[in-house]
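In what comes next, chain A is part of two complexes: it sits with chain B in the first one and with chain C in the second one.
Now for the complex of A and B:
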């Protein structure tokens, strides 16, 4: 039913929230693993850091930031709906507001993360 | 114009699994999907099975999955859907035959929330009076027709069939916030259960599916707040 039902924006908002949540959980597992490497195998840990600093690694970090940002913003939307049920009449507008903030914060953020791997000027010029 | 009507057919006595069958039906833009189903049943295939009663969006018996969304066949018009229309039974319920599902589980959940006025005070000589403001508090949820379009559009219900579901919570809301009723605490206790309001994931499918335009998610969240308020 999940793929057969043509839900609206509310269902999309929920699906993205779930996908972003699972992605963040997987990253936390990865992060625990690489921090563990710092003590267990410092040489390998340094190699992992170079992967993170490469272009694919930085694109991955930008996607991670996107998942984190969406999950946080939509989470605030859900909290607002929980506290003030009357806002449910405006849930679509709230979701659109989430996307506005997502792009306003996310695009410069993604640039700052990816720029060093492309030799583009970052925060430090 | 000609409409291609795809219907998910299933006869448990003949079919191993549900399968799609397509019927070419002549229809006008203002025809309801229910008209098309009648055309198929009356002129093409008399074995087609579906529920309908009032045919005017009041009895709630012909909720179906139409072009991927739960709607009442008697309300949705051909012009709103186009020339290709697919119809399947509402999801998450056992299919009895074709578009007919077993609603017993749905009504069992409905009965769980005590959907009737409870007031043991002596019956007054005239009606139990209520202010306009008190009536407005639950006006939205009085309009539910128990068609199950909301419950069967809910991903939480698909994943967990024991979830009471939006329709039962809407019915509970109608009495919880009725100033004449005295059993709100009992209903809140029932809805605070593992299969109660906490299963709502605010996907708003119930709101878009409701043929009566009830703010179902808003009602669920109001009940949730009432449960939380009991403990604060």
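Now for the complex of A and C:
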């Protein structure tokens, strides 16, 4: 549906922004619950933490980071276009710039998040 | 004639609640660009999830008022941004009574998230409690 609709880059930018936003919303519900748990029941929280530090947990966090990074970059693009309408002429270039930053920051970032679970060299040696 | 941008939701034409929401989403979004990306970087690149036990949270990361205040500010921005964003999303797909009912649940959830997050960020260090 997304690819057949003739909305072009702007429509994809909007769809990804919305999907990432809803995913982030759901994670925030989970995250506030687990931090609340850290205060209410520290022992149980420490057990939950092993899931976050596991390989599936870290893959999930890399995906979370991807959603956050895309939503943040495209959000800046939206704000820029809203407050400086003349930039609309370059909306496509801004959309490509978002993706350049996304991959340049995101690929090393995803590696660093997942590396510890695979015994690969990371920030902690 | 002014150019109407379609990157985000169109700016509401008249002053009022909806225009306030439109600005608040963008302002809290700007704040979260720094706060949320900073938070994610600290918890994944400066520190590592494997070492973030409850003791680490309350005794180290939240050892001073500065980080607690900053994280509480982030919580407030998140409550505005995430729930007003979901309000826009849900309003696009729901009408009438369903829309009212689901939005009421959403607002209740926002209040709950704010209270639970506030309780957590104001909790004492684990070492002091034990």
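The definition used in the following text is that the second predicted complex is superposed on the first by the 120 of 125 C-alpha atoms of A that agree within 3 Å, B and C clash if a C-alpha of one lies under 4 Å from a C-alpha of the other, contacts with A are read in each partner's own complex, and residues count from 1 in each chain.
We adopt the following convention: a contact is a pair of C-beta atoms (placed from the backbone, for glycine too) under 8 Å apart; a residue touches a chain by one contact, two chains touch by 3 or more.
The structure displayed is predicted, hence computed values, not measured ones.
Student: In the superposition on chain A, see if there is space for chain B and chain C together, and answer fit or clash.
Tutor: Here the two partners, once superposed via chain A, clash with each other.
Student: Scan A:7 for contacts with chain B and chain C and give back first, second, both or neither.
Tutor: A:7 contacts chain B only, not chain C.
Student: Just to be sure I read the superposition right, which of the two partners does A:46 touch: chain B = first, chain C = second, or both, or neither?
Tutor: second
Student: Once the structures are superposed on A, label A:112 by its partner contacts, choosing first (chain B), second (chain C), both or neither.
Tutor: second
Student: Looking at chain A, does chain C or chain B touch more of its residues?
Tutor: Of chain B and chain C, more residues of chain A lie in contact with C.
Student: A:56 in the overlay: touching chain B, chain C, both, or neither? Say first, second, both or neither.
Tutor: A:56 sits against neither chain B nor chain C.
Student: Scan A:81 for contacts with chain B and chain C and give back first, second, both or neither.
Tutor: both
Student: Report, in rising order, the residues of chain A that make contact with chain B in one complex and with chain C in the other.
Tutor: 10, 13-14, 78, 81-82, 85-86, 88, 91.
Student: Can you list the residues on chain A that touch chain B in the complex?
Tutor: The touching residues are 1-2, 4-11, 13-14, 78, 81-83, 85-86, 88-89, 91.
Student: Which residues of chain B touch chain A once you look at their complex with the stated criterion?
Tutor: 65, 67-69, 88, 91-92, 153, 155, 158, 201-205, 207-208, 215, 217-219, 221-222, 224-225
Student: For the complex, which residues does chain A have touching chain C?
Tutor: 10, 13-14, 18, 21-22, 24-25, 28-29, 32-33, 35-36, 38-39, 42-43, 45-46, 49, 52-53, 57-58, 61, 64-65, 68-69, 72, 75-79, 81-82, 85-86, 88, 91, 109, 112-113, 116, 122-124
Student: Would you mind writing out the residues of chain C in touch with chain A in their complex?
Tutor: 2-8, 11, 26, 29-30, 32-33, 36-37, 40, 44-45, 48-50, 52-55, 57-58, 75, 78, 82-83, 85-86, 89, 109, 113, 116-117, 119-121, 123, 126
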